[in-house]
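Letters are used for the chains, namely A, B, C and D, taken in the order the chains are written, and counting of residues starts over at 1 for each.
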Amino acid sequence: MRHMNNSLLLIRFMIATKPSVLLKSYLQNRKQTEDLCSPLQVEDYAPQAVIFTSPPKWHLAHTTWFFEEMILKKYLKHYPIFHKDFGFLFNSYYETLGKRVPRNQRGIMSRPSVDMIYAYRKHVDSYMKELLDSAISESVEELIILGINHEQQHQELLLTDLKYTLSLNPTFPVYDTGFSLVNDQNTGSGWLKIPEGIYKIGHDSEGFSFDNESGKHKVYLHDFEISKALVTNEAYIEFIEDGGYETFNLWLDEGWTWVNNNDIRSPLYWHKIDGIWCSYTLAGLQKINPKAILSHISYFEAMAFAFWKGYRLATEFEWEVASVKIDWGKRWEWTNSAYLPYPQFKTASGAVGEYNGKFMINQMVLRGSSVATAAGHSRNTYRNFFHPHFQWQFTGIRLAR
Amino acid sequence: MRHMNNSLLLIRFMIATKPSVLLKSYLQNRKQTEDLCSPLQVEDYAPQAVIFTSPPKWHLAHTTWFFEEMILKKYLKHYPIFHKDFGFLFNSYYETLGKRVPRNQRGIMSRPSVDMIYAYRKHVDSYMKELLDSAISESVEELIILGINHEQQHQELLLTDLKYTLSLNPTFPVYDTGFSLVNDQNTGSGWLKIPEGIYKIGHDSEGFSFDNESGKHKVYLHDFEISKALVTNEAYIEFIEDGGYETFNLWLDEGWTWVNNNDIRSPLYWHKIDGIWCSYTLAGLQKINPKAILSHISYFEAMAFAFWKGYRLATEFEWEVASVKIDWGKRWEWTNSAYLPYPQFKTASGAVGEYNGKFMINQMVLRGSSVATAAGHSRNTYRNFFHPHFQWQFTGIRLAR
Amino acid sequence: MRHMNNSLLLIRFMIATKPSVLLKSYLQNRKQTEDLCSPLQVEDYAPQAVIFTSPPKWHLAHTTWFFEEMILKKYLKHYPIFHKDFGFLFNSYYETLGKRVPRNQRGIMSRPSVDMIYAYRKHVDSYMKELLDSAISESVEELIILGINHEQQHQELLLTDLKYTLSLNPTFPVYDTGFSLVNDQNTGSGWLKIPEGIYKIGHDSEGFSFDNESGKHKVYLHDFEISKALVTNEAYIEFIEDGGYETFNLWLDEGWTWVNNNDIRSPLYWHKIDGIWCSYTLAGLQKINPKAILSHISYFEAMAFAFWKGYRLATEFEWEVASVKIDWGKRWEWTNSAYLPYPQFKTASGAVGEYNGKFMINQMVLRGSSVATAAGHSRNTYRNFFHPHFQWQFTGIRLAR
Amino acid sequence: MRHMNNSLLLIRFMIATKPSVLLKSYLQNRKQTEDLCSPLQVEDYAPQAVIFTSPPKWHLAHTTWFFEEMILKKYLKHYPIFHKDFGFLFNSYYETLGKRVPRNQRGIMSRPSVDMIYAYRKHVDSYMKELLDSAISESVEELIILGINHEQQHQELLLTDLKYTLSLNPTFPVYDTGFSLVNDQNTGSGWLKIPEGIYKIGHDSEGFSFDNESGKHKVYLHDFEISKALVTNEAYIEFIEDGGYETFNLWLDEGWTWVNNNDIRSPLYWHKIDGIWCSYTLAGLQKINPKAILSHISYFEAMAFAFWKGYRLATEFEWEVASVKIDWGKRWEWTNSAYLPYPQFKTASGAVGEYNGKFMINQMVLRGSSVATAAGHSRNTYRNFFHPHFQWQFTGIRLAR
């Protein structure tokens, strides 16, 4: 249920949440999703540019479907389903929950209309309000919190997918002039040293977490240093100008194939116009600010850059240990760790757990959070993950040695 | 400019057309395009299901672009262009007229909006009215008539492309309940005999024609017979039930590959539901009427069926000679002629002629017209053409021997 | 059974053939196939470079399989089959005659060995001799003549496939130094005029013919002129230097896609080395002789060149009519006719007829013969055919207007 | 230089090796490669079935090329190179050492012949003998030992690649009747417990090792148990019969796609014939022995099986710690560890180091060794690695919990 992955996840709570607080949190979050859509024209809700993105309309409906399918249908007596077809139209799963629309055909579904989707949201919200006003069990409460976190993940994807789609329009449409990246600069500098030893990794305290980060456990780390700053545009331009994209021995073997098959010569969204590097942003086409933090690079590019610099990427464990002493949070930072289970990882049963761990292959872990991440959504144990060739998230590079 | 082909074509006129008649004809035709869109929701204007179809929005804009680019910019003094980007956004050409949107990304262009496209049409129409109210040369008149015929071709594509897109929606949306195919039956029966001899083929009389049908010339035909009726659904169901799709020696070699690679087991849009053959139509999902004329079959299927029956398809020359004595006009009829130039065929110069003949390879000629063809658009010398595996036009089978 | 097509074909004989003549002809032809292999190392018999070529080993075995499967098994009592697996290993058909080796895996079959294939040939030849020494019916005689013609077709493919394979070896191996193309020049010049009228086309006289050329019939031709010479290398180099490959409006739409997707910039086998055009030949890498006749171009290239020159290609009917007055025979000449059935064409029944007409789609007719064609194999009614993008046959261009 | 990976690797030696011992070791190893080829026919040396396998001829030449290129050319004065083209013909690298034959065209190179390759080996061996008889530096000694280990890796690939190629031949050729798997059974049973704690991982003692396993370092392991036996055929047949290949929630998401896109329904080489499971082996087609150890499964299958059983795979660290107390060595065992660098990993400079670490993405680590591994080649710190969908190595499953 998460971006391309859509995994449903285990949750555990350490503190009780007051229903009224939960209702408020639910409604605020639902509103936030719709606020993100306020600059959109009806036509913007529909297109799906590539298989790994989804249309805004689909994000709006799918996050609502979660509450209907996982909660209202099961825990609210006499709940009247909004429309019999929505159960499979907005389901990202394969088979447990019935037939579905092929992932690559989400942009073709002109019906139901955008108005209908908003009516669907309103319908579900009113019954969710009814449910939240009643006495609910702790496990239902947990599911609702999971649903909120799930919707936050889709808020981020809504923005990154939208950026990808609009970027293909030769008129470079402006989504929101507030989305300029000009001031997006580092606050720290230099290297942080971390001594060798046993460290505890993973989430095991109060509050919500996803199952892939749970199960606090020990890892042994060797001495390392990690940069307090992320790589900037000007550092990366130096790499480009030094022939980085043409020097095969800087690249992983599959990275070199990717670079050449796709004729990659810069980060995603970059255009060299009359000798000046520009970038498509959600505020339209803008000149690259050399001092701003680099964004939209693949793991392959991150690795090639680090190798060119004579450094490396941190592992996700090094990152987590260092995270308490460095500024992070405007970019998803590629780590040199593959997305694999923690020692106590277990798959939940039923539809919620159906896909636990399902994506733990051929993906690399990213840590941090991005400008598109919902406030309060991430934390320093949070494990994001993407295939090594993807560039469309707000991804950056932090060096280690 | 014609469907996938989009060829611009030579025109020759044998009679003068009165400007007032031309204006009326222009406006009626423009209105007809918009009338076809009246049942649409805003969301329906956008999607492009596959590379060989285009969104309604694109058809609306591209037909307008023709009048702006080919006529107003050149022949109306002080014409203010509507928007500087539209020149390449709605151009189906490659290079003569500048950069363009890749054909497979038409569905991604959420901007300009549908409202903007209608404003574009209104703008162009008002200046076209101004032009047509003035004294115009015969060659401009010819270009306007070409533009009208061009828009009629897109009216047909608008419908067939829309049908394809809506058919992929699992809710089977209704476009117009008037589009039932129930009464779509043959009027004639039996065989028509045509004696051996020299016949004249092609268009050479008064009125508009496209360049590919022009240049009346002689061909020698041998004795043949042609069916007065088109193949019906029940005849085709017999072929299916006799294992037609599983019998390799009924098929052309590439047809057999196509059938198996795409798992084709029936005409396009057919679904067997609880043992009953149904078909998606623009009036929604309907039971197949066994007596109705078969539709939506590829050339490969037409050839396999004819071979199974012990007959063959007519050549386009046989068809044209027979056409004056048979009823035709509800289906595009596959012929056994490849789309190749007539003896006097010449390519026009400049943008209008840029693509003359460009599509004369790997396509088969269809004759007749379909339920989606604009009234008065086709004629018995008209040469339509598609690749042998395409099914999405309203195509049918007429047997010969 | 014919190259990629492998069609089996109807035969009709107008004169009786003496058995002793037939035996001699059979044995000479069999020897000719083996003589073509005499310069080969064992390793050369095996590789299949691409799906449209076959290894020499396969050609040697498949032509032998024809005689065993179609003749000896049916018409020679007590014939002991050579090996039970060869029936499907060297069968190019789909299903009538049982399972087979996928076309793209012919190069992987290291067993049976080359020695075994030669033993197979010897075995079949000795029993064919026995059969031919006995009294045989006219229909068996016809099958044997068909088998001889079939093997001649594979002799040509053996050479053209081998050239393709060796050309990919960076050491440019020499097959036979006699295969220099230096003296391969035109004898005629100027244009031949043919007047309008009814002409008879097709084979209907004594001697062997394939079914696709049979059924003499009338066609009406308009006045035309045809070049007495084929296009030379220097004329084509002029086209290249004039930017022919970069000028999109010279090309058919699918041709332009082919040129760009495959980065085609010259005829097949051409290399520009230190500013000099060279070509891989069966005699190794050689400098291009400007006066020699151009070879190894696709239909797309032939059409673009003709358009650039302001001329066109002849139809196959024009070619056949002109053929009695012009020199032809060192190149297969692309015509502007699609490969489609003649009016009286009928599919034969059974395995021999299984694939008649099966390839009559998306291919263009070539007339003439090439340096690789067996002596006496072709004639002026002979219809060869290939897809418009293929370059690996010895193909050339003759202009018409 | 290693199978698909071809990595060249750092070496460090802890003990001096006597030249005479090294010469003997060199010659024995060279002979071993040729002995593996003794059952082959000339034709068997050539084919390349798929891009991830190489022909025997190529393995024979490439291992020889290593000694010529890396050692003789640099360290033996007056060494006469065997053939100027061999430098790029048998190079698996990209660019540092010049142009090369595309990886997927190795099977097309009919020249140089097999005889020529053996002459090449003889030539190189005689000069290597000369070099080894002289005084050589420690670093040359190290390179020679690396070359020997490199050739051992190719000995294994020669066998596994050959098996893959022969398996596609419908006659199921026998390579060596000694290659029956009948007695290939487990010796241990039950579970081994390993207590939580810090363990040392990696190679840091005397003798040769590759760079990817070097740099002994500490890892923290939690309590786990590991099976003393590998999964047998009968256990896996139970999984198949329980619908394992049809149950999507047993599979990683990409595994499920792989299973369905390739219609995988059993381990590689398995065939169900008349209801009996058989398997192609290098001794020909044989009935599956239910008690024998399972082989030729992908990581995806290993993971699905483990999940179905309620267990998991061990990490490579758990495996290494347990390895001293369990029998291992007839199968490469998939671990649940991605192939990533150890903490002290550094890339060597120059051609030898060119590809260090280049393959550390999207591959999973395998530990152990297989029936095809050269005696003495592997060790318990050895890290093998393949993509998760590959089945053609002798891979097996060891469960953990």
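Going forward, a contact is a pair of C-beta atoms (placed from the backbone, for glycine too) under 8 Å apart; a residue touches a chain by one contact, two chains touch by 3 or more.
What you are looking at is a predicted structure, and each value in this text was computed from that prediction instead of being measured.
Common partners of chain C and chain D, by the touch rule above, are absent.
Ranking all chains by how far their C-alpha centres lie from the centre of chain C, first place goes to A. Note on chain placement: the centre of chain B and the centre of chain C lie 37 Å apart, centres being C-alpha means. Centre-to-centre, using mean CA coordinates, chain B is 58 Å away from chain D.
Taking the mean of the C-alpha atoms as each chain's centre, chain A and chain B sit 45 Å apart. Interface residues of chain A facing chain D in the complex, by the touch rule stated above, are 5, 94-96, 198, 217-220, 222, 248-249, 251-256, 299-300, 307, 312, 336-338, 340-341, 343, 347, 354-355, 357-362, 388.
Of all the residues in chain A, the ones that touch chain B in their complex are 41-47, 49, 85, 88-89, 99, 101, 105, 107-114, 165-166, 168-171, 173.
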